[in-house]
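Next, two complexes with subunit A in common: one pairs it with subunit B, the other with subunit C.
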Partner chain A sequence: MSEQPASDPPPPLLYSMREEWKDVQPLDQSDLTNPLVPIFYPPEYKDAMDYFRGIVAKGEKSQRVLELTEHIIRMNPAHYTVWQYRYDTLLELEAPLDKELALMDELALTNMKFYQVWHHRKLLLLKYAQPAAELSFISKVLAVDSKNYHTWAYRQWLLAHFDQEDLWSLELPSVELLLQEDVRNNSAWHHRFFVVFDSGVREGDEDREQVLRREINFTKQKIAIAPNNLSAWNYLRGILDRVEVKYATLKDFVVPYTTPREERPVVEEEVLDLDNPRPSSSASLPCALAIEFLADICLEEGDTTKAAELFTSLAEEHDTMRKRYWDYRVKECLGTQSTRT
Partner chain B sequence: MIPFRVIPQHDGPDGCPTATSFIQEKTEKELKEAYDSVPKPLILQRMRHFQWLKVLLFQGLPARYKSQDASQPWLMFWIINSFQLMGVQLDVATKQRAIDTLMQCQSPDGGFGGGPKQAPGLLPTYAAVSTLACVGHPGPGGGWDQIDRQKMYAWFMSLKQPDGSFLVSRNAEIDVRAIYSLLVTATLLDMMTPELVAGTASFIASTQTYEGGFASTSAPYYISVDTLMDEPRPALGEAHGGYAGCAIASWVLLKPFMTEEESKKLNVDKFLRWLVWMQGEQADYGGFRGRSNKLVDNCYSWWCGESLAIVESILDLQEETGHEDEFIEDEGDDEWVDTDWWLYNNKALQEYILGLGQDNAGGLRDKPSKRADVYHTFYSLAGFSTAQHRVYQSKSLQGSLRNKWKPSEAFTPSTAKGEDDRRQATRKELWINARSWKEDESSHRYVGSPNNRVNAIHPVFTLLISQASNIMDHFYGQTSPPKS
Partner chain C sequence: MATPTPKAVLERAHVACSIRFLRQGLPRSAIDNDQARPVLFAAIPDICSHLISLVIAFYCLATLDLLGGVSDAISENEQADWRTWLWEQQKTGPWGTGFRGSPYTNQPSPSKYDPPFLIMTYAAILSLAILRDPLDKLDRAGILKYLHLSQREDGSFKLYPSSEEYDLRMTYCAFAICAMLDDWSAIDLDKAAYEGGYGQEPHNEAHGGLSPDLRHRHPRSSFPVIIPRIVPRPSKRRERRQVPTSVCSRPSSERRRCVGYCITRGAGLQDVRIKNQMHVIASGAILGHGDLVNTSANADFLLKCQFKFGGIRKDPESSPDPYHTYLGLASLTILSREEMNLSAFETLDASLNTTFTTRKWLRDHLWSNTSS
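Let's turn to the complex of A and B:
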């Protein structure tokens, strides 16, 4: 992953030169003389792997196996066989899992893009069952990389698996903070959906009508700040689809985003309409995502001509990269699309 | 990495700068500088990629690839399939070395490991079996008949979860990569059974998020220790191109097993919309991103391109077009003739791959600031192929395959004895379903010169169509008698 800092201690003595490993017969990975795609392993890595294979052949599960597997994992955190054997050894030895978790804290921060680091953590939590401290650890990782996929998936697993109200209760404020920092953080938007709509009903969220209003208003405000934001529009569509509310209920909100700025005389009362915040003064208009949304409203209302017109404006002018798709939507409006299965 | 609280000064889209727009703008600048300096017309640097891959295949990989030590079948898969796409033939001796190297990874417990003496995993099993489809053959030493399917099947079942998902290996994570790997392997080798895939379609549907794309996995909720609830089953992680590609290909493979009710659980229209929004803007040169508001990356040329090819086929847009070949000699827009087939901008995608995705030293890359690696090389070339060729599931081919089918001896797992009749009926449908993808030979679209052509790829199997066919015909007992 990264260069070794100069202050690192020298690599440990090879296992083949250590008295306390004399009883293990090191094993080569292969007896093929001519394999394809050989990797030029650094000597330290090859030596450790040879002894690991020797240990597996013996079936030994001991303290020194924990040292050996940690050594290999630090060199190659993607080695799932080594992780598997380490986990078996931890269980066999009934090793203290809090100590293992502390090690994972360190490894997750330096190797956050590896599946195994997060999965091992999950295995520990399943045994250890103390999720309370996890959320603050997760925040630490997200402060380094606010979109790390594994971290988010782990956070959501933790919430779903333990399903404790005190864990859930801090999630919405945490998402709001992240979206305040970066309204384009799609991971945070997804987490909001996960918390509010996808995992049952939270304490205080029992009035679903009120929750829907809250979420729609929240999203409108975020769209007003930065209209050309796929994440926010996807969230808006997502919640309307989920609760089966028509897009047309948002027509008044959407229209001002679909026209160029100069065509839009600013009327004072409109600016004060809190239910329908207008685009910020620096927004780039018209917004393709809003035109698409309005076209879908027209389809709901049965106005296929107007919908086709809007899709055509996307194809020809406002979103030419997706011309093929908008043309397809136009054909769909006009009923000339071939039959669907 | 940019700590997200420190956002350097920039105007930002909509006058609203954030960490996301900062790296986006930085990337746009990088892409523009790189694209402007690339000679036009754009050329696929075939020889450079070939030379670069050849050194890795025969001489080996530098020490930094030790992180791939548990992905050895993948290294072979990526390199050998890149050769296949570029039309490079391997000689018999090299194929034998490939077979021997791969067979060393077969585990005594069933399945293949990430290297010799490693634990079996679904991902390396997929990579090994797919590579054997390219280089292997029936008979002694050919690999195909040395795959232990009984052990593999029992091991598959040991990874199966109550919600229809699979662990990628013992005690490991659950995700749709595992499902895709298992389904491709089981389909190619005639190992699909109703018990193996019970619940799997519903699981895949549960990973579709509100955005329309697919997440890595979903979380089951239980009423009691052994009773699963239908709801909620929240997706874990946001919609993501890589998982989307695995999910939609798996969905297609499961078709013959799906009930009417199951087949309605996936929203294809919503998926299509999400996919087309993954294509970057003009400033991104039409490359694909993997998630909303993330940066474009060449590997999504495949994951999103493959998904689009499958969706186009599901939506049944494909009849033979009958157009002439289109070679686009220059970059001029007037010479590009659009067809009704591609639902995204396949011209821009080819330009991204050729103009920004190639490393001068050989190999393909995520974007200009990244170095080439074998993963990006293969998936960029594969995405390039889907942007050039129209490969679709053909109704007429299904008809002729149906007539051609001859009853043959089926692999029967020792645990599923007594289901022979049902197996016979479904394996015929599976074979037809998987074998009926074909290239529309009359609708190629090439940016640059016709010399930029790569071979057509099967969007479901990630193999050349003929390779998927050959191995399936062998395992389903559908080969023609050898010609004398």
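Let's turn to the complex of A and C:
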């Protein structure tokens, strides 16, 4: 084998050609002669994996294993076993975990959709219990993809696992910022629910009545800005269900969203009703989500006729895409009615 | 839209495409444009992305199964080779027995670093059934031990027994394997079921995707979440033979809430992707309300994603791959049998994610073994 000319950027040298790996016996994948879905690995990957198998077979955990596993992970970030072996090697060598986390910062940004990147990070945090810096890292990732599922799951795990008041205290402001950027960010809405209702009671939030009022008002304001926002209506339903408050308590708020704009009489005081903010002037009305909500209020109140009427308007006019579902709700209303009478 | 889209399902092209994947593997590494760096087989999404032959094989075989069965398309000799390969992946060790995704870590002796995976075990049993294997080599006792060792304290399931990674994919696979074996003795159903309430308590670690509260979950969890919720609890004495296909005795309001979530509120939150569509449709079908979905809009979109030389793409701009080919066709067979003239296609049992014919094969070959 000749040396690469110095002028060309050398390709990554195969492990099989490196003096310092001579002591490792590479292990072939040795598949059957007629395998199902044969995968034609590029030579660089195959070579690295042959040496990885060799390393695992002899149980070596050393600095060069960290180099090898990083190399493979960069080619295939989904390789569970390589990640696992890397983690065990880090622990065995008592390698500096802050350095590993710094590497993970880079790998998470380029591979944020891989489960393994996040799982490895979680394992590191369990050993290297310094969660404070993690939130700013998470913000960096969310700046690239504000709805990345793994990132949000990791954030919730981090908060719940370390359960430190100074971590929790930053969560609502951070969610509000994200919702200001994109009021339809369902991940941010979900996280708000997690922080407020699903993970214990925070300092300052002991008065649950007050928290409920705050959350309902917050959501109403967001709905007023953009009424056709599924996430906000889901949140509203979610908190009412959780605290077992009837939907009907919000009837005054909901009704103005269920009628076309011109039908509403213009009343000056409307603007001042902070409890029941009106739809913004640019909102497209009526809003199908509000009609559904009002229909559910009617069902709560036992008015199946009115509910059926509202569902029919969704089926025929305001949400024809889901006609079959609304027809089913109408049928359900009428069924209840006939068994009653 | 001016883009011409084929009006029919290109059945023969999909068969040819699936066979090509099974025989020759996937096209050589693609370039992931987003990240401007080569990623091996970037076209393979999600759970296929581990370069795992077995999962890719499962999607291809399942596609053939939907389109009329493997035996018409593949010679008996070749099928026998594939069955041999699949059995080669069944491994026994201190963790019990399960299937690997391929020999990719290939250790000389059982090793913590060469474990069978729960997801692969699910895919392998289904693949063998699609290839009409008698399944007599399946190590039932070993698999039950494996399932037992894979369950965590909080009821969730690990990727493999020595892993600490757990999420709903594994819960689904564990339940599906129990249903296929008709044996629930290895897992703690009380912990794993919805009523056990994992993710509900404050500071519960399992919160990363296991909460049963559908309304606030990311919609993509809706499909696997529903499975543990609706699989009938086998009572200790009676109803041992009940198949988890239909909706069981959940309160109807609860069921309606799920249906409502899947079809309206959940669906509206999703990106327009085939995977999401399939999850919504499967969830609706499992809950007994697949009929509530807008079938023609669904079919229109799927046909736009169809590639003229076979295969279905995750969206009209991407390349076709086995995963989306299967999901797309599966969704069409659930929803659009009549309007798309798909009567030659097999019908899908959405909860087990296989055709009724293959489900029957599983029942005939795995259930009969238990009666002894």
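As a convention for this text, the second predicted complex is superposed on the first by the 323 of 341 C-alpha atoms of A that agree within 3 Å, B and C clash if a C-alpha of one lies under 4 Å from a C-alpha of the other, contacts with A are read in each partner's own complex, and residues count from 1 in each chain.
What we mean here is this: a contact is a pair of C-beta atoms (placed from the backbone, for glycine too) under 8 Å apart; a residue touches a chain by one contact, two chains touch by 3 or more.
Just so you know, these numbers come straight off a predicted model, no measurement behind them.
Trainee: Does the subunit A-based superposition show subunit B and subunit C clashing or fitting?
Mentor: clash
Trainee: Contacts for A:Thr110 in the overlay, against subunit B (first) and subunit C (second): which applies, first, second, both or neither?
Mentor: Once the two structures are laid over each other on A, A:Thr110 reaches subunit C alone.
Trainee: In the overlaid three-chain picture, which partner chain does A:Leu177 touch, first (subunit B) or second (subunit C), both, or neither?
Mentor: A:Leu177 contacts neither subunit B nor subunit C.
Trainee: Report for A:Ala133: first if it touches subunit B alone, second if subunit C alone, otherwise both or neither.
Mentor: A:Ala133: touches no partner chain.
Trainee: One more residue to check, A:Ala143. First (subunit B), second (subunit C), both or neither?
Mentor: first
Trainee: I want to verify the contact counts: of subunit B and subunit C, which reaches more residues of subunit A?
Mentor: Higher number of touched subunit A residues: B.
Trainee: Looking at A:Ile225, would you say it contacts subunit B, subunit C, both, or neither? Reply first, second, both or neither.
Mentor: first
Trainee: Could you tell me if A:Ser30 is touching subunit B, subunit C, both of them or neither one (first, second, both, neither)?
Mentor: After superposing on A, A:Ser30 lies in contact with both subunit B and subunit C.
Trainee: Given the touch rule stated above, what does A:Ser284 touch, subunit B (first), subunit C (second), both, or neither?
Mentor: first
Trainee: Let me check the overlay on chain A: which residues of subunit A are in contact with subunit B and also with subunit C?
Mentor: 27, 29-30, 32, 34-42, 45, 49, 53, 56, 75-76, 78-81, 84, 115, 119, 123, 149, 152-153, 156-157, 160-161, 163, 186-187, 189-190, 193-194, 198-200, 230-231, 234-235, 237-238, 241, 321-325, 328
Trainee: Write out the stretch or stretches of subunit A touching subunit B in their complex.
Mentor: Subunit A residues touching subunit B: 27, 29-30, 32, 34-42, 45, 49, 53, 56, 75-81, 84, 87-88, 115-116, 118-119, 122-123, 143-147, 149, 152-153, 156-157, 160-161, 163, 181-187, 189-190, 193-194, 197-200, 225-231, 234-235, 237-239, 241-242, 280-284, 320-325, 328, 338-341.
Trainee: Which of the residues in subunit B come into contact with subunit A in the complex?
Mentor: It comes out as residues 1, 3-5, 12-16, 18-21, 56-58, 60-63, 65-72, 75-76, 79, 94, 97-98, 100-101, 104, 113-119, 121, 168-173, 209-212, 215-217, 219, 221, 232, 234-240, 270, 272-274, 276-277, 279-282, 286, 291-294, 314-317, 319, 338, 342-345, 348.
Trainee: Applying the document's contact rule, which stretches of subunit C touch subunit A when the two form their complex?
Mentor: Where subunit C meets subunit A, its residues are 21-22, 24-26, 28-29, 35, 37, 39-41, 49-51, 53-54, 56-57, 60, 78, 81-82, 84-86, 88, 102-108, 111-114, 117, 159, 163-165, 167, 200, 202-205, 207-209, 211, 213, 215-218, 220, 256, 259-260, 263-265, 268-269, 289, 291-294, 297.
Trainee: Which stretch or stretches of subunit A touch subunit C in the complex?
Mentor: The touching residues are 27-32, 34-42, 45, 49, 52-53, 56-57, 75-76, 78-81, 84-85, 110, 114-115, 119, 123, 149, 152-154, 156-157, 160-161, 163, 186-187, 189-190, 193-194, 198-200, 230-231, 233-235, 237-238, 241, 292, 321-325, 328, 332.
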